[in-house]
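You will see two complexes here that share chain A, one where it goes with chain B and one where it goes with chain C.
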Partner chain A sequence: MLQRFYRTALIVVLLILITGPIYFPSFVVYLLSYGLIMAIAALALNLLLGYTGLMSFGHGMFIGAGAYTVALMMKYVGIHSFEVLLPLSILISAGLAALVGCFCTRQIEIYFAMVTLAFGELLFVLCSKFYGFTGGTDGIRVKIPTLFGYVFKGSVDFYYFVFSLFLLCALAIWVICNSPFGKAIQAVRDNAQRVEYLGLLVMKYRLIAFIISGAFTGIAGVLMVSLTGHAVPESFQVFTSITIVFMVLLGGHTTFLGPAVGAIVFVFLQAWLKPLFFWQFFLGGAIILLVVFLPGGVLGGIQLWAAKALQRLRS
Partner chain B sequence: MLELVINILLNGIFYAGILFLMSAGLQIIFGVLRIVNFAHAGAYILGIYFTYAIIKALPPEYSFLLWTAPLISAAFVGLLGLAFERGLLKLIYHRDPVFQILVTAGVVYMVDDLIRFTWGGYSIGVGPLTSATLNMGGVVYPLYNLLIILITLGVAIFLQVLFRKTDIGRVIRATAHDEEMTKAMGVNVGMVKALTFLFGSAIAGLAGGLMLPVTGGWPGVGNEYLILGFVVIALAGLGSVNGALIAAFIIGMVNSIGIQFFPEIELALIFIIMAVILTVKPSGLFGAQPRK
Partner chain C sequence: MGGQSPAAAPILNTAGVFKHFGEVHAVDGVDLSISPGEVLSIVGPNGAGKTTLLKLLNGGHELDRGQVFFLGEDISRVSLVQRVNRGIVYSFQIPALFENLTAMEAVGLVLLARRKKTVVFFPVMEKFTEIRKEAQEILKMFNVPEDFPANLLPHGQRKLLDAAMAFAYRPKLLLLDEPTSGVSTAEKAKVMDTIMPNIEKSNTTTVIVEHDMEIVLRYSQRMIVMDQGKIFAQGVPKEVMENPKVREVLLGILASGKT
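Coming up: the complex of A and B.
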């Protein structure tokens, strides 16, 4: 019964997302694209946070890596197509993750969080200091890339591109989480010592999870810069990273789709709050309220509510 | 050549002093509460703006009281920290670290926006409290910076005495070592935590107040020092106050040398040094081996 409720809800949401551009105004379509892009990043982070039990406060660096891959390639090499830029940014983000991961995965818990945070900040500093190469704090303007020669004309066809990539990434992450590798990283999260006794290299699993997570977040970075048209060093910074962590927890990090829900809810919340003058104040307040009153996130709350409603129906 | 060396040394120690004030509070709070306190950025920036408000509000005939402004604002910041710990942090001690970090970070967002609301989004500053300089071996150095170095030393010694010689300090150390056991001995652990948070926040507030005449303040300034504080405590190993003193000295010197010779990448240099040391010794210079 509960399963059927979830399945119906999922199908309804997917139908709304597919048919959305027909009846939503273009601003909402833009926000939906933005939300789906962040959803990719949030799902990728949850592979680390929820499944491996490592909290990264430096995932902004992969958003930045993806964004600057596009921007620098356009500026210096003149590549304008997604079919080159996407694999390239995946490679670069994965390489960055491997490099940073070599330092970070030796740490756990809070140590891991702080070291990833410091690396994100390092990239931010480098990016804003080398004005000649990266445009410094001004960032780089980016034109939206083409896909196999197809030029995106409006927000709608780009939305469908984002949506299909989101589905692809979500599916890929789902497959990874449910593969033997996925089981192994969950075992690492639950009891690293026992996994070690079983003869698996804990650090290797943490590192691979970090690399996969970074690569998917890099895809989100590419799409993000294509949507906003501007690569800025702030995307490396801790504010971006904390935002992604918040999205994950807002949706609920104990469920697979929770982070995606959290990302979309966050983007709409932000768009609604931003016209207020002090939106950061309300954002901070929202974070605190969420943590104190809704520990399972939005999806966790819905699950709880659905289970309770079902019980009431039965009795 | 000698002048250059002395100058680099003094600048390094000065910077190290501020970093130590920032990270000492972080270390004490982590030791007792087991929380990495992002809200420390809020304490720092509130220290700056409270000091600014006091200095602006002081009538000219009482200008000799200017010197007490950082202390008074540190006390205010400490009390605010106490309210925050009792009102909010207390609720989430048993939760995952990621939730704790998120709550303390959320408070920083709120504080930053409140400051924007009260004092505006532009940067503020006051004139130097004293423009006197000291001539040391041909190096002319501002007296105020030397005073900050002395105050830092004072705080370091005060913390040493507090932790080694007084009952409060012993209880704090005991709580950091084994909370359950301390509770069983009849110590009010909740109050120890509250006091620790008060102390830690007050030190960060003092650091902010002292830095106001040097750097001024703007919304978000706390975050920059917070991240440097994180680098220091990651280097030192979490929870070790003496380690923080040495790590702060290392980072301060690296920064000072970096500014002199590689001004483009001075900040990057700090992070690189941190990465190198953490590769050699993952638990930090003075940290216990982290639990696997």
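Coming up: the complex of A and C.
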């Protein structure tokens, strides 16, 4: 019964996401695209946070890596197509993750978070200071790349591309989370010592999880810069990273789809609150309320509510 | 249960191993030899160094001094992970489980680890039917339900799951650290009656640290009495127990064990 409820809810949401943009105003379509892009990043981060048990405060660096791969390739090499830029940025993000991971997966908990944060800031500073190459704090303007020669016309067009990539990424991450490797990282999260006592090197699993997570976040970076049309060094910065962390917690890190829900809710919440003078104040308030009343996040809350409602129906 | 003859080459032996934690001489020069196929019990009062000795064998602790030989090879400097890969597997005194994984997933993971298939991203774990079947069999043998996450299992089954995870690795040498600790007296026999037939059937060489003398007498062919980091006495359990000095050392245990 509960399973059926979830399945129906999922289908309804998917239907809205598929048909909605035809009718929605372009601003809403833009926000939805933005939300789905961040949802890829949030799902990727949750592979690390929820499944491996490592908190990263540096995932912005992969958004930045993806974004600047696109921007720099366009500016200096003249590559304008997704089919080249996407694999390339996946490779570069994964490479960056491998490099950073070698330093930070030796640490755990707060130390891991701090090392990732430091690397993010390092890249931010590098990117802002190399004015001649990266355009410094002005960033680099970017046109939407083409897809196998197809030129995207308008926001609805691009939305469907984002949506399909989101589905692909979500499916891929879901398979990874439920694969033997996925179970191994969950084991690492639950009891790292026991994993070693089963003959598996914990560090290897943490590193691979970090690389996978970084690579998927890089995809989000590519889409992000294509949507906003502007690569900025702030993507590397801690504020971006914390936004992703917040999305994961908002949606619920204990469920697979929670982070995606969190990302979309966050984007709309932000757009709604932004006209207010102190919008960050309200966002901060929302975080506090969330931690106190909904530790399982929005999706965790919905599940709890659905389970309770079902029980009431039965009795 | 062969391998009783002293002529058989030991599966594992140690030469003067030491482990000191500051002033505490946890293991203080132990020479030990384990024959293939035997079930060896280590008994001794609390703080005698039993767990530390086991962890010196599997690499959970680093040796201060001395050597450990496994199948004739010096493994004193071989890491914990590599020793597991060679077949020395330890089961925890306080169950160390993956709290959010089901028993099925945990044992499945061990089976995958044994086959070196844990860095596999596709397909999802349920599709590995061979693994699932073997895990089901092992869980049935150990009487643990498949589909509950470990944190929902009662203590007795948590102990069994911990042992099952170690056993699933098909170790050449199984180290069971107090398989019945924390289990009620009534349940102790049940736990051991579940674990031991599997060990006997598979002829797994096993070292058990145990407090309950009844279990030691019933299941092991040989016992070692440890006190203050040293081997105090060893031999066939019944004969060793007749030694009055041994009874003195084990006084605390015997009083609680009602032997």
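The definition used in the following text is that the second predicted complex is superposed on the first by the 315 of 315 C-alpha atoms of A that agree within 3 Å, B and C clash if a C-alpha of one lies under 4 Å from a C-alpha of the other, contacts with A are read in each partner's own complex, and residues count from 1 in each chain.
By our rule, a residue touches a chain if its C-beta (ideal position, glycine included) is under 8 Å from a C-beta of that chain, and two chains touch if they have at least 3 such contacts.
Owing to the predicted nature of the structure, the values given are computational and were not obtained by experimental measurement.
In the superposed model, A:Gly284 makes contact with chain B only, not with chain C. Within the superposed three-chain model, A:Pro295 lies in touch with chain B and out of touch with chain C [touch as defined at top].
In the superposition on chain A, A:Gly182 makes contact with chain C only, not with chain B.
Using the contact criterion defined above for the overlaid structures, shared-chain residue A:Asp190 touches chain C, although it does not reach chain B. Contacts of A:Leu201 after superposition on the shared chain: chain C is touched, whereas chain B is not.
Taking chain A as the reference, the larger set of touched residues comes from B, when chain B and chain C are compared. Shared-chain residue A:Phe27: touches no atom of chain B or chain C.
Look at A:Trp305: by the touch rule set out above, it reaches neither chain B nor chain C. Of the two partner chains placed around the shared chain by superposition, neither chain B nor chain C is touched by A:Tyr150. Common to the chain B and chain C interfaces on chain A are residues 193, 196.
Interface residues of chain C facing chain A in the complex, by the touch rule stated above, are 58, 60, 80-82, 84-85, 89-90, 92, 96-101, 105-106, 108-110, 112-114, 117-126, 128, 165, 169.
On chain A, the positions that touch chain C within their shared complex are 175-176, 178-184, 186-187, 189-191, 193-194, 196-201, 204-205, 208. Interface residues of chain A, counted against chain B in their complex, comprise 49, 55, 57, 102-103, 106-111, 113-115, 117-119, 121-122, 125-126, 129-130, 192-193, 196, 202, 238, 242, 245-246, 249, 278-281, 283-288, 291-292, 295. Here chain B touches chain A in the complex through residues 36, 88, 91-92, 95, 97-99, 101-103, 105-110, 112-114, 116-117, 223, 227, 230-231, 233-234, 238, 264-265, 267-268, 271-272, 274-275, 278-279, 282-283, 290-292, going by the rule given at the top.
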